[in-house]
Amino acid sequence: MKQRFVSRPHRNKTLAYSMIGPTWLTMLVVHFIPISIGILISFRNLTKNNISNIFNTTFIGFANYYKSLFSMKSDFLSSLSVTLRFVIFTVIVSYLLGLACAIIGNSKFKGQTLFRGLMLIPLIIPSIVSLTCLRFMFQQNGIINFLLQQLQIIKDPIVWLVGKNTFYVILVGNIWIRWPLYFSVLLSGMQAISNELYEAASIDGAGFFQKLFYITLPALKENTFITTILIAIWSFNDFNVPYIMLGGGYTSVPDPANLVAINIYRKAFFSLDFSYAAAQSVLMSLLSFTLILIYLKLRKKEG
Amino acid sequence: MIRTIKKINLPLILGMAFFLFIVLFPVYWLVVSSFKTQSEVLAGTPQIIPSTISFDNYEQVWEAAPLLVYFKNSLIITIPSMIVAVTLATMAGYALSRFNFSGKNLFRASTLLTQLFPGILFLLPYFLMFSTLQHQEVFQQAHIILMGDKARGWNYVLMSFTYIGFVLPFALTLMCGFFNNIPKDIEEAAMVDGCTQFQAFYRVIIPLVFPAIASVTILAFLQCWNEVLFASILTNSSTRTIALGIRDYRTQTSVAWNLTLTAGVIVAIPVVAFFTFLQKQLVSGLTAGAVKG
Amino acid sequence: MKVRQIITILFIGGLMFSSLVACGKPEEIDTQDETGAITEEVSDSASQTQEEVTIGIWELGTETDASRRYIEEAISGFYEETGINVTYEFISWDDAYNRIVAAIASNEGADILQMGTTWVATMISTDAFVDLTDDIGTIFPDEDAFTPGAWATSGFGGKVYAIPWFSDVRAMVYRSDLWAEAGYPNGPQTWEELQTGAQKIHELHPEIESVIGLGGQGFSHYVGSFFWQNCGDFISPDGGTATFNVPENVQATQFWVDRIVDDGTVSLTNSEWTYDDVIARFWEGDVATMFASPAFVNNATEEQLAVLEGKIDVTAQPAGYNDCQYNFVGGSDLMLFKFSTHQEEAKQFMAYLTRPEIQVLKAQYENDSPAVKAAYDLVDMTEGYWPGFAVAAQHGFHFPIHPAWGGNVESLVPELVTDIWTAIVSGDYANSTVQNILDAINADAQQKLNDAGGAPTNYDSPWPVPNI
């Protein structure tokens, strides 16, 4: 163990502050101040009636919060349930896809590097492009229905972009753009696993799935954990996927695809009830925060 | 798990085919559709392999909407944004990694917390802040001195600044993580040789974190190229970005898909090109998580 | 060493700074390849002595050659007459709402706003637009000067907040040769004639894919047209009750559904067609009757125009069982932001845009139907299909000008269409299908109306009445 002493440079506060300074300033202006203002708005009654004069609002305390949580058929709660299903399905399917692909990618074969590179394509192509293309493919007379019909999976074209199926449309879109992150992280994790472990296991007579569950997955725990949190948060807060795939022109996103962020957007921009939207934003953030804390605690417990 | 192929491994091949299909088919469809005419694109039975290749879309796409202007705007916003975001993230990441100062933990925590808030919460306040700012006399004078009396210049700055703000939290964490992986001995060695800490920083450390820098650069690029919500409000018609532009090929009731998809191809190309250029750095960056010490 | 630190920081800062400044450098404005505002034109030194007023207009949609030329011509004509400058900006439909709300919140934006007719009511309820009621008949033309469907969109409760600019009139566009064969040389005037005539054509010409074109995808204005032709409407006159499933409306919907399931004069392939597909098929000769706007001529090739020359006619859509003859009319109006500092000048420009000759200009450039009756009398409008659209414009009716309509209740219309077509195509169709679907949709609509706060004050939107 090398003996460490705190050397002079590491206490150079001026340098530290000057390096952090601009970043802190940017964060202040872009995030901290506007978010604080937003939170303040949630406690006042900024709606279409006084939107043109933002100072003409009164303090109404937790009224908007109460309305979000406890009103009958609360739009917030229904958007929350849509979003939770969205997140859970996204995480599960993306993980499975990423894991399977990582196993494949980890195998030695000709063109391995090319394959790995290609799998990253969904992360590289701007999501506005890929989601727009997927939307096009999901049209009633689009290629997805065509292929499904050719494969005899369905008889008549399914309507994807209107009605109940819109949830699956955004789910597929979100999974498509996110799963390669799992692939990439899990693959890099797998590559760090020493070959000897597998060889030893083979000698002991372990089969594919046993190696998977007893060697591979435990080693990937940390990577999985971090990526899951990231993907879960991003999906929970997601706005772009429904907006690009289902919105546009004057049409608003249909109810089955009404994620929390979209619902907030609707309340703010369509119903012009900004305070209500702000309250929902705060609630949503508190919920993410709580869920993350719970997740962290569970991880800690696992040791 | 490493499996050496000795015989044809059917599950492997099937698996590969499956993944290649789901990843590549949409891309293929995007590109192929850009070579089809409007009626072909909307045809009841789509042609998987097109019988004719037409470049009409690539001509029309520039006329039907001012795509070139959008492209230029996006570039003007993206390049400074990338440079500044990388610079700030690297410096701040280093500072967080190496120094202890009061407010450090608060800063880290609050930065991460901002990721939990949806953009819409602060979209309006942010917009209002800048609107009011624009009207202050002091600001207008400063603006005229610095930028000439051009509203557009201001708009570009605002957009770049906004996107820098968006990228920073994640970029910061990324850089900080990378720096944490680099032992402090290296700087100390350099300083013993006579550098100041800052010199050690940019001469020795930065080259070591190139993969992370490449990652942050691509992140910033994607952020600017991809962002729709804030751009729709903060830009005006002369500063609109390409993210908005791609949705322009429509009337109130119908969408010209052939042009939209062509624009999509055009929008995607720079990013893909940039990524390929940085690829070596990036791939090692993404897999470096497993490298210890 | 400290100096070097400072220099480095300055260097990096300078790099940032210079990149920002470089990008902000004023550039030459080349009006030919740049979008955006025309800066103030000063024609001669004489007009510089008085302060020039500049007002701005926001148009919705992508800037095309045609729309740019139209607005520039209108603006230069206006400037010559009044010396008032007008700048214009095009906002994409996708971002329009965001920009408008931001403008309202910040009290900053153009003076005049183009607004789609279905969203006028929602805009009115933001309380950010000027009440123009008192200016009707003085600065603006009288109510009678506008076509009925267009005028209906100007507001509700007797107040005017929007001046009709252009109409998206959906007339009946039909193959006069085929309908003449069927015994109706002037096209069908009633539903009975539509039904029997279409059956005749179907017999005589089995090769025609769909005698009547009713696209099954995307937005379907014909739902409204059929309701109104049977003297029904979507929402009660007081604005508080959803009425999608009242007997008249069920009967109206059943009428066009019967054309699919009983007669086959609307073919099943319609379920895959959008509005544009119907028009494309019409030009290919596969559709004999459709309900389209004047822009339908844009989708034809030279060849198709030549082949069908003289075989196409346009008139108002037929009347239903109860003698109501109405057809869908949409389009855009002009509204004035309250925060505008040049309201009088803006009103002048808005009035200028309603002049018959300026309305005709827009029709010529962009194929938009005028909203002003007198425009149809001008020479240029006696050519082509315009006279037919003029007739249809007289029978115009519009979606409810209700604050909860635009983007909200309105979204149920494509759902309704999709549900019906899906039921038919998948073989689940039964006699009770139409009633069931309308009941379900109506429940949703009622929920949306309730969520939006029920009937708006002063709302009064009478239902269509017999008019033939």
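When the chains are written out, they are named A, B and C in that same order, and each has its own residue count from 1.
Keep this in mind: contacts are C-beta pairs under 8 Å (C-beta built on N, C-alpha and C of every residue); 3 or more make two chains touch, one makes a residue touch a chain.
Since the structure is predicted, the reported quantities are computational estimates derived from the model, not experimental observations.
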{"item": "Overall pattern in which the protein chains touch one another (line/ring/star/complete/other)", "value": "complete"}
{"item": "Comparison of B-C and A-B by number of C-beta pairs in contact, larger one", "value": "A-B"}
{"item": "Separation of chain B from chain C, taking each centre as the mean of its C-alpha atoms, in whole Å", "value": "37"}
{"item": "Chain A and chain B, separation of their C-alpha mean positions in angstrom", "value": "17"}
{"item": "Residue list for chain C, restricted to those that touch at least two other chains", "value": "5, 93-94, 98, 105, 116, 272"}
{"item": "Shared-contact residues (touching 2 or more other chains) in chain B", "value": "42, 44, 124, 128, 196, 198, 229, 247, 250, 252-253"}
{"item": "Shared-contact residues (touching 2 or more other chains) in chain A", "value": "15, 54, 141, 248-250, 268"}
{"item": "Contacting residues of chain B [partner chain C, same complex]", "value": "39, 42, 44, 63-66, 68-69, 76, 79-80, 83-84, 87, 124, 127-128, 131-132, 146-150, 152-154, 156-157, 160, 196, 198-199, 202, 229, 232-233, 236-238, 240, 244, 247-254"}
{"item": "Interface residues, chain C side, partner chain A - complex", "value": "5, 9, 93-94, 97-98, 101, 104-105, 107, 116, 118-119, 122, 125-128, 217, 271-272, 338-339, 406-408, 410-411, 414-415, 418-419, 422, 425-426, 447, 451-452"}
{"item": "Interfacial residue positions of chain A with respect to chain B in the complex", "value": "2, 4, 7, 9-13, 15-17, 19-20, 22-24, 26-27, 29-35, 37-39, 41, 54, 97, 100-101, 103-104, 106-109, 115-119, 121-122, 124-130, 132-134, 136-137, 141-143, 146, 176, 180, 184-185, 187-193, 195, 198, 208, 211-212, 215-216, 223, 233, 237, 239-240, 243-244, 248-250, 260-261, 264-265, 268, 274, 277-278, 281-282, 284-285, 288-289, 292"}
{"item": "Residues on chain A engaged by chain C in the complex (per definition of touch)", "value": "15, 18, 48-49, 51-52, 54, 73, 75, 139-141, 156-157, 159, 162-163, 247-252, 254, 268-272"}
{"item": "Residues of chain B that touch chain A when the two form their complex", "value": "1-5, 9, 12, 15-16, 19-20, 22-24, 26-27, 29-30, 33, 42-46, 48, 88-89, 91-92, 94-96, 98-101, 107, 110-111, 113-126, 128-129, 161-162, 164-166, 168-169, 172, 184-185, 187-188, 191, 196-198, 218, 222, 225-226, 228-229, 243, 246-247, 250, 252-253, 255, 257, 260-261, 264-265, 267-268, 271-272, 275, 279, 283, 286-291"}
